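Please find the structures below.
Here come two complexes built around chain A, the first alongside chain B, the second alongside chain C.
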Partner chain A sequence: MFIWLGLLAVLAALAVIPGAIGNRFYAHVLVLVLLYASMAQSWNILGGYCGQVSFGHSVFFGIGAYGAGMAMVTYRGVPWPGIIAGALLAAAVSALISWPCFKLRGHYFAIATFAIVEIFGRLFLVWDWVGGALGLDYPILDDSWKYFLWSSDKTGYFTGAALLFAFVFGVVRFLEKRRFGYYARAVREGQETAESLGVDSMRVKLTAMAISAFLAALCGAFFAQYNYRVDPPMVLSLDMSMKFVLITILGGMGTFWGPLLGAAVLIPLQEYTRTYLSHFGAGVDQMIYGILIMFMMIRQPKGIMGFLAEFGLLGGKDGGDI
Partner chain B sequence: MPLLDVNGLWMKFGSLAANRDVSFSVEEGQIVGLIGPNGSGKTTLFNCVSGLYKPTSGRVTFAGKNITGLPMHRIARMGLARTFQVVRPLNEMTVLENVLVGAYLHSSDERKARETAQACIELCFLEEWRNRPAGAMTIGNKKRLEVARALATSPKLLLLDEAVAGLTSTEVHEMVELIVGLKKSGKTILMVEHIMEAIMPISDKVVVLNGGVKIAEGPPREISRNTEVMTAYLGEKFSRRLAESGVLKEDRP
Partner chain C sequence: MDNFAQVVVDGLMNGAIYGLVAAGLSLIWGVMDVINFAHGEFLMAAMYACYWLGSLAGIDPTVSWIATGAFLFLLSAVAYKAVVRRCIGKAAMAPLLATFGLSIFLKNFCLNRFTPNFRLLNNTALSGKTVNIFGAIAPVPQLVTALFSLVVIAALYYLIKKTRTGWAIQATAMDAEAAELMGIDTERVFTLVFGLGGMCVGIAGGFMTGYLAVFPEVGTLFSLIAFVVVALGGFGSIPGALCAALLIGLVESFAGFYIAPVVKYVAVFALYLAVIMVRPKGLFGW
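Then we have the complex of A and B:
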């Protein structure tokens, strides 16, 4: 109950923010926080709750981005059918890929997902039908919900990002307290134990993967719309995959608010360091990123949510419930 | 027809045969004890029956169906639940959540699952620890959690792998009471145990393994007098003490 109220409060606060801040940079950072929080949450379903660490989520993100991009550029239409098709395709591809990979346990699963990013990255670079290495550049169109494109200000994107955020977080909240949520966590905590209690772990993992990929693809579609273009290095990279993982780890894996907290810390940090420290050379933002993650892993592996629980700021009896 | 029938079961790990041609059956409503020295293949046998291992050869029949080599989750769904000797709590989940995982097997309805889970928690003396993370409990409570979680799946047959070992004497007493209570409520139980004072008085039948081979099967009183079992496991002094203590049931006609 409190969670739903919290979610509502976050959304209400977000609704008044864009009016209150005229600054496009702030609006840009806020849009990115919401987008990356949604991405991290989509990853959290599989990696956090179900315990299957995937470094392959940029593939599903990319499929979503290309779905929107091809609907706009290749087929010169509106992005919506492409977004839906991309998300469904991402779910199907994720299930097909993970069928063999889920037979691998622990680190081996994670390693296998690394390879998948490379394969898809190369494939899209040379595949003419999807635009190859040049990628897809959006045409200049009027600002509208129909095209989900805005160039004059960020309000439209902001509302879109808030809706995406609400949808992804809503789905996770819905699943978390149902049978699937318990089964996913049981598989994470002990696959054989879960099986001994009648849990079909393969089915649970595949379901978690498909839902996770579907939502990641929606985020990818938003990313393409927001950037007016899509090309392979932008989306199908290990760098992008790491964002899914690191934001969730920083915020707290397997917790509901972790992905939002992680994004709220990392994204502004990334954007500000990129803006103000870039004269020190490229990659300073990444270094700060890395140091922060290292500190977190050593000091509190459960992330920001772990810190909050440690200082008794979560109210509930256990942090996992929040 | 017995509820569980194990027939000619072999389990080989490379050249090592942990179970050699083991056959026995468990009648509905019985408590059957499985005893034997360390390394005699008791846990391996449990793993073969519950589906964790795929037996090399032989046949396991449960409730009239051949379950040999089926995946563990399917066997569990058919009504065969087990506990683990080396406890496996789902550490980061609370006691209630652990038991809920079991309770969700036959109902996706949250309210019903919670009712089942709550009942099992109370039955296993875990009410006090309900909202504690399972990983933070004592070994005794983790053993109880194993039982509560398995019970929550509403099994017909419960396989208890040393559910009593490692408990304090009061806890042993409580657990034995619980097991007898479960039998009375209609459950069938197959249990591995080293504490003879716990297992012998309540078992209807005892199966003895040694070196992977079944060396004896019969009522506890008969087993306690069996010379082969004495040499392999019980020891002469203990057998006499057990027989004289009067805790064993009279042989049935």
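Then we have the complex of A and C:
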């Protein structure tokens, strides 16, 4: 109950923020925080709760982005059918690729998911039907919910991001306390033990993967709409995959609020360093990002939630598991 | 027929170089169960070192590989001491992600210092020369790099199988705790293994600068291929890594020539996934 009220409060606060600030840069950072928090949470279902660390989520993100992009650019329509189709396709693709991958454990699973990202990224680069290396450039259209495009201000995107955030976090909160959520955590803690107690681990992992991919694809569609274009390096890259992983881990893997905390710290840091440190030349913001990752892994691999638990701010609960 | 020979020679040359890059990764993975995500950036660092030695001091890559090998041994050992060692044992994915952070740092450090421009050494001792092998034309810089890669892999294999240090490494790989009880300083072994892993890419990078342009992203593809080679070869097996590397080199060049250049890496990664479905621990893993 408390958590639902918290979620509502966050949403209500977010709804008034852009109007209150009216600054495009702040609005941009807020939109990105909500988007990346949703992405991280979608990854968290599989990686955090179910313990399958995937480096392949940019594939689902990319399929979602291309769904929206193709509906808008190739078919010159509204994005909505493309968004739905992309999300369903992403879930189907995830089931298809995870069937062989889930036989693998640990590093072998991680490397297989890298390989899948590379295959998709390279195929999309040469696939003319999806726009090839040029990608898909959105036409200039009126600001509207119909097209889910706004060029004059960020309020529409902001509301959209808040809805996306509420949906993804709501789904996870719903699942967390259901039987599925307990099964997923049981598989993470010990697959053999869970199986010996009658949990069908393959089915749990596949379900987690499909839900995770569906939600990641919705985030991808939003990303395409927000950027007015899609191309393979933008969405189907290892760097994008790593964003899913790192934001979740920075916040706290397998915890409900971890993805939001991770995004709320990392995204503003990235946007501000990119803006204010640019006179030191290219790449300084990324150097700081790299140092931050190393620092977190050395100091507290359980992320911000781990720090909070360390300082006793979680009422004795620990900060989840990595 | 000439085309066929050319494709085979190209594939084997690339494969041998992948083998050397992957051997270092394989060693680290096998002994410590750590994936060094910064492996490709170590290669980039070696290539920049070699490039600057060549363009500022006029030292040829055929000589400067000694310096880059030593430099990377140090860099890699320091990376172990400063970063990897501190996050081992805390969480399964922590070393991998920490080295990913290191790779981002190194890549962007070079981007910041050396600009994203491609830099190629001109007029090296071997550049421009070719030899004819069964009707295939092999550029001498690549050929020398490939042959030397095989030599270094053989030396590494000898070191691990035949020397006391190598036995200590093997013992540590099997059971670090038991090795410690036998009086092996496992901390030193880990540092040495990381150093050796770095030295492999250091030597590879030194030679490769003789024919390949260096830029901040140069290591990315090599590290991905090295991951696949190691996983395909099997957990920590250096002969496995070499066979997998040669296979991947051949698949890359055949797919590139007979299908289309753009699908060569798709073929490589698809082959990997196909093998892994049948043998989840790689060709030579168990």
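Everything that follows uses one rule, which is that the second predicted complex is superposed on the first by the 314 of 322 C-alpha atoms of A that agree within 3 Å, B and C clash if a C-alpha of one lies under 4 Å from a C-alpha of the other, contacts with A are read in each partner's own complex, and residues count from 1 in each chain.
Quick note on the criterion: a contact is a pair of C-beta atoms (placed from the backbone, for glycine too) under 8 Å apart; a residue touches a chain by one contact, two chains touch by 3 or more.
Bear in mind the structure is a predicted one, so any value in this text is a computation, not a measurement.
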For the overlay on chain A, clash or fit between chain B and chain C? fit
Partner chain in contact with A:S201 - chain B first, chain C second, else both or neither: first
Contact-wise, after the overlay, does A:G170 reach chain B, chain C, both or neither (first, second, both, neither)? neither
Under the stated touch criterion, which partner chain does A:P233 make contact with: chain B (first), chain C (second), both, or neither? neither
So in the superposed three-chain picture, is A:L123 touching just chain B, just chain C, both, or none of them (first/second/both/neither)? second
So after the superposition, what angle do chain B and chain C open up at chain A's Cα centre, nearest 10 degrees? 80
Regarding the shared-chain residue A:V245, is it in contact with chain B (first), chain C (second), both, or neither? second
Have a look and say if chain B or chain C is in touch with more residues of chain A. C
Could you look at A:E189 and tell me whether it touches chain B, chain C, both or neither (first, second, both, neither)? first
According to the stated criteria, A:R179 is in contact with first (chain B), second (chain C), both, or neither; which is it? first
Identify the partner contact of A:P81: answer first if only chain B is touched, second if only chain C is, both if each is, neither if none is. neither
Touching partner for A:P139 - first (chain B), second (chain C), both, neither: neither
Smallest separation in Å between any Cα of chain B and any Cα of chain C in the superposed model? 12
Do chain B and chain C touch any of the same residues on chain A, and if so, which? none
Report the residues of chain A in contact with chain B in the complex, numbered from low to high. 177-179, 182-183, 185-186, 188-190, 192-201, 254, 317-318, 320
Okay, in this complex, where on chain B does chain A touch? 50-52, 71-74, 76-77, 81-82, 84, 88, 90-94, 97, 100-102, 104-105, 108, 110, 113, 131, 133, 149-150, 152-153
Residues of chain C touching chain A in their complex? 29, 33, 35, 83, 86-87, 90-98, 100-109, 111-112, 116, 216, 220, 224, 227-228, 230-231, 260, 262-263, 265-266, 269-270, 272-273, 276-277, 280-282
Could you pull out which chain A residues touch chain C in their complex? 53, 100, 103-104, 106-108, 110-112, 114-116, 118-119, 122-123, 125-126, 238, 242, 245-246, 249, 280-284, 286-287, 289-294, 297-298, 301-302, 322
